[in-house]
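Right after this note come the structures.
Consider the two complexes below, in which chain A is the common component and chain B and chain C are the respective partners.
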Partner chain A sequence: MDQLKPMDTTDTLLYLTRRVLQALAVILIVTIVVFCLLHALPGGPARGILGPQATGEQIAAFNHEQGLDRPLPVQYVYYLNTLLHGDLGTSYTLNEAVLRLIEQRLPKTLVLTVLSALVGLLLAVPLGMWQAVRRNKPADYVITTLSFVAYSTPVYFLGLILVLLFTQTLRWFPSQAPQGDTLAQVFADPAALVLPVVTGAASMIAVFSRYMRAATLENLSEDYVRTARAGGSRQGAILFRHVFRNSLTPVIAMLGYYVPVLFGGALVVEQLFNYPGMGLLFWSAAQSSDYPVLLGCVLVISVATVVGTLVADVVQRVVDPRVKGGRA
Partner chain B sequence: MSAAQGGRFRSAGRWGLVAPRGGAANRRRPAPLIARFARNKLAVAGVLVVALFLFFCFVGPLLYSTDQTHTDLTQVNLPPSGTHWLGTDAVGHDELGRLMYGGKISLLVGLAAGLLATVIGTLWGAVAGYAGGWVDAVMMRVVDAGIAIPALFILLVVSAITSPGPLGLIVILGLVSWLVPSRLVRAETLTLKNRDYVLTLRATGGTHGRAIVRHILPNSVSTIVVAATFQVADAILLVAYVSYLGLGVQPPSTDWGGMLSAGLTAAYSGRWWLIVPPGLAIILVVCAFNAIGDGLRDAFDVRGR
Partner chain C sequence: MMKGLKGLNILEMADLGVTFTTDTGDVPAVRDVSLHVRPGETLALVGESGSGKSTVALAALGLLPGNARASGRVTVDGTDVVAAGEAELARLRGRTASMVFQEPATALDPLTRIGRQIAEVVRNHRPVSRAEAAREAVELLRRVGIPEPERRASAFPFQLSGGQRQRVVIAMAIANSPGLLIADEPTTALDVTVQAEILDLLRELAVDSGTGVLLVTHNMGVVADFADRVAVMLRGEVVETGPVEEVLLRPTHEYTRRLLAAVPRLMLSGEGPPPSGPPEEPAVVRLRDVSVRFGRGRGAVRALEGVSLDVHPGETVGLVGESGSGKSTAARAALGLVVPDDGSVSLFGTDLNRARGRARRALLAGVGLVLQDPVASLDARMSVAECVAEPLRMHRRGMSAAERRERIAEVLELVRLPRELAGRGPRELSGGQRQRVSLARALVLRPRLLVADEPTSALDVSVQRTVLEVIAELQRELGFACLFVSHDLAVVQEFAQRVVVMRAGRIEEQGPTMTTLLRPETEYTRRLIAAVPVPDPVEQRRRRTADRTGATA
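Showing the complex of A and B:
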């Protein structure tokens, strides 16, 4: 560990500015990648806007009109400009603006991922602490092994097994997620939410119980725990008053790094349980080669990932000043 | 995942001032490395599982021969029996035979893509770390951007655009997933590039390329090998996802993920034998590679992941 320096504000501000600038640079590169993919499409971006039925002349006319026959760097600047105006193109198949489609679907995906993350954390945090306290005892080994297996299990396979068990054999829960358009309709059928949420939470439990175990172990070996013990505090009080609070924040900050995994999980869970969120939108777009929707979703998810990483880096630095500088 | 794991440093100067030559890391202390690896029972089990699956998929079809190209509509959806040990699927393929056939592609694509990703990542990371300055900054921002675009999504987009065969999948996967190894190798390069033997080589007129090939890469070999193992595990999992979502290997060919793409129909009709074997195969193999990676990491004493 580096030397401990008291945090001063200019230092933090400098760090913040640097990290935000880095994040902006990263987003800029992401737009270049998406722009290149847009141009790698069969028919180029013109087809992305005119649709698959457009004739060659229509495309040529459109290309000239929109300046798509100009040099690529010039076009890229135009493209950035349209992005900044919130224009992500128009869907081939759904005949609607991509941004509008994402606006409709994203809240539903957020409901699913937030519920999964909550359930996952509520189980993972006590599990991880329990493992740390009972370190290298049978319970610790069993949970470690289970997390190891869960980490290597495809989300959809777990979902299929749950459907086989709870829908097909026991008939406890339906295998179709709530289909309502509004969030109220989604919550009106909680039984239908059980399998999708549990499927999404499983890998969270595996990963975050590991983090919590590690964070708890680290805190248990700190001087303040020894001091508290020497001062006569009981184990339970120490765990709850000190270790729990000090371990929880960095673990929750890890959620920021977990954004892409959450979206990836949503993609599979929504496809499996037919839940009409952004993941299902992306999946059906991939089946029908609806490129504007695909690339629009990629852009949105990537920006979310960059922001998540930025927030996690900053939170970790504020919580633990020993964490210096972040990545190179 | 950056800063969170900061603080543990590799012991510097394991090799002192004398530069080991290419491949020397393996020759130097062969027995202890293998012994250290063998102490990890889980990792040894991982090697056994991988060996078993390689045997099962590549030698198995010679012992248990089935027709995986033609459909047989008289033998559809049969439960496991004496003639079809794991039953048959919706178009009459023998499921056990299909498990071998699909496994071949899963393993080949996973191994090749994992290795390709490691090669790309290694070169990128070594050059970035060695060059330093603004070259390093730009190259690492590219890596950040790549990590910001979730692999599964970009993989599906590129697959939708190109509808790749197995070979195409290997290339796309390799191009998408080299980012983590590049970070690890860059970090390694940063600690190596100011060692005396590198500086000596430069002072006596050696080129940068020579410094990288002769000293940086051979000395990073443990990091690279560990990264490659995890990379293979990830690649097998990713291919399974892409095929499950209908954009990977196309019928009549298949892989383990593809075998599960009719999973929901199978689950509804209670045909567990179409779901459980390929799913378990994926879990076992991915667990095995992860366990081997863990074992190698401990044996080599490198950090990372």
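Showing the complex of A and C:
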């Protein structure tokens, strides 16, 4: 073929449109599944909210008032309708609009997860590359072992150990995350952020250093590395000019899929450090069967996941000129 | 070694030995190799797979993998490569000596623009600015014959064809005018016409700047076309070395003689057997005006357009053409693996696309298939017997286990595989044995048609010959028809009675092999034949000169 294949902008637009439509479909399906699962739970929210002393009539009245006595599909359509009007419902227990609650909490969780992800990546990527270069040498074995330990330790357990070590024994950091409603207040106390961020980043470092190590090893054995060496390029230049970028592409793709894991981690971290974000909100809503809040949280997490994979795919398209339209 | 030669040779190897350390112990790959390359001279290093020729080439630049140990002396322009450290080697590589690799598809960094990759080699060795290096890269692209080099410099490797990528690799190799160029199978992955262009380019560059070339190849035609001297390797040792005319025309070592005898030679003149008239019997496979498109809309590729061909009982039809010409697609259409958008395919007189269910299965049971890659086309988890038995389990469900065993033993004997191999896994076999297992599997149902898609392209010439001879012999014995897809005109000329030349999805011409390949009707077929180098240096030189004068006249 003698023609240069141009990177078509209409191609990219088509691709984006298709992906966004797919994303919407995914979110819709997620809401259906979660809605059905929640309502299939025995007991329902009334008992939790009205307390053990509530009479049958009181519970029936609550269910009627909240529309919980209507058929499930009707409830769902009603929910979807309010959702499309930008209304996520009202919390049963906190007496506040779910949207408002999420507005307050989401930025804080975003700060926590984005910081954890950044710290995790910034450590994992060089670590993985270094391991690949020193493959099967003592350093590689030590880091590999630590990775497996970090990966297989439950987040709450790791968090507790960190709390014990750094707040009780060493007294370096406070045991509570920054309290306060605004982001400014959160950032005003950076020392208090250290432990939550490190706890959130630990498994990320473990997982992504493994990805990066594997990707780097694979690329180091590629023919183009030999070509670069044959052209007189030194090891360092080969690593940073060629291998780094080629190894990063598959890792970027994994990042999108990691968003729900990060949110799952935030759930535990926020609980541990008493950090009033989405995780804590979700936690308390789950304990009190606060359906509107639970649904709102799941919606936010699924949107974040879908957006995360979408962004990862788009970034990959930008970084790697070979990735074209493709079938998603 | 004589002292006086030292200054003259750009590459000198004395008693080079290379040993690989593996889990199962040390494997010596190269032993006592001594050779030299003078400036402006081309030394061809030939041998079959596993002979150690590529290892020698890599050792010359100190590019051996980490588990290899080299001993002896390798001197490139006065530097001892075996003793040199990484820093010293980096100074040498790309400046004093450089390398062109076999696989242009993977030899370039997929994420870096080609201009930058060339500029990197320039800046590795000379203190020029980025802009200056970029300008040099464009100049180099122009020199290796890339059209519109200013624009192409910003292309990514995937946007170029295989031949163009190899030109880019060559541009990187000559960026600093090296005294020694090592080319490891530089044209093996390319079509013959592209191969001829690349060899011309390398020859021109070597002559212009007096570069010494170490050419590693298994293709005797390329040797005859390009080399001044030849060294023949067998199991890690050089068994014969001498001027190209001597080694190719008057070989002294027994192995060289055997190797040369196995090379299929393209006959360029003479009379074949008189073409017999069209056979009386109806065709076993008949393609009529078959068109196949892949994809939709603007990006659709027309893989086949109006292709019509017949294969009659007992005959072999060679389907030749360059990569992308549609020859494999045509074979797949004959097998019903690709559904034509237009036209009809009939097998044994029945329209394949109208047949459904059991009738269709019965039709397809009459076709055997052998594919190019014997490793990929056999399930590594099955034994040889299970591989061969699979078509029986599919199409002869009523067969008892005992009958099946008997039939498998019979077929293995037909393809001359020892019975003991039946219980082994495909991985325990050699390439030639694996391909014979494929053949046994294809023949186990006693097909009336055998479709062979590049069945010997992955094999060494000596192995290729035995596999082809088994196919030809069984064909005489069993009388099946054969649709033989190949890019190798010499092989097709030897084994096919009729030949179909394809180009860009269409049939360029077809006819009896001896007529079409000796007196082609179209310019394309003529060019295709002219591009095939013959393994006779004298003849090849004559053809090249004739081709040049013919082209300028």
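Assorted remarks:
Everything below uses one rule, namely that the second predicted complex is superposed on the first by the 242 of 328 C-alpha atoms of A that agree within 3 Å, B and C clash if a C-alpha of one lies under 4 Å from a C-alpha of the other, contacts with A are read in each partner's own complex, and residues count from 1 in each chain.
Assume contacts are C-beta pairs under 8 Å (C-beta built on N, C-alpha and C of every residue); 3 or more make two chains touch, one makes a residue touch a chain.
Small disclaimer: the values here were computed from a predicted structure and weren't measured.
In the superposition on chain A, contact is made by A:317 with chain B only, not with chain C. Chain A is touched at more residues by one of its partners, and among chain B and chain C that partner is B. In the superposed model, A:153 makes contact with chain B only, not with chain C.
Contact with chain C, but none with chain B, is seen for A:224 once the two complexes are overlaid on the shared chain.
In the superposition on chain A, A:306 makes contact with chain B only, while chain C stays out of contact range.
Residue overlap on chain A between its contacts with chain B in one complex and with chain C in the other: 1, 322. Considering their complex, residues 1, 22, 25-27, 29-30, 33, 37, 40-42, 148-149, 151-154, 156-157, 160-161, 163-164, 167-169, 175, 250, 254, 257, 260-261, 263-264, 267-268, 271-272, 282-283, 286-287, 289, 291, 294-295, 297-298, 301-303, 305-306, 309, 313, 316-317, 322-328 of chain A touch chain B. Contact residues of chain B toward chain A in the complex are 1-4, 6-7, 136-137, 140-142, 144-150, 152-154, 156-161, 186, 233, 237, 240-241, 244-247, 257, 260, 263-264, 266-268, 270, 272, 275-276, 279, 282-283, 286-287, 290-291.
Residue ranges of chain A in contact with chain C, taken from their complex: 1-2, 4-5, 222-224, 226-235, 237, 241-242, 245-246, 249, 319-322. Remark: chain C residues 61, 63, 86-87, 90-95, 98-99, 101, 103, 106-112, 117, 120-121, 124-125, 147, 151-152, 155-156, 158-159, 161, 169, 172-173, 175 touch chain A in the complex.
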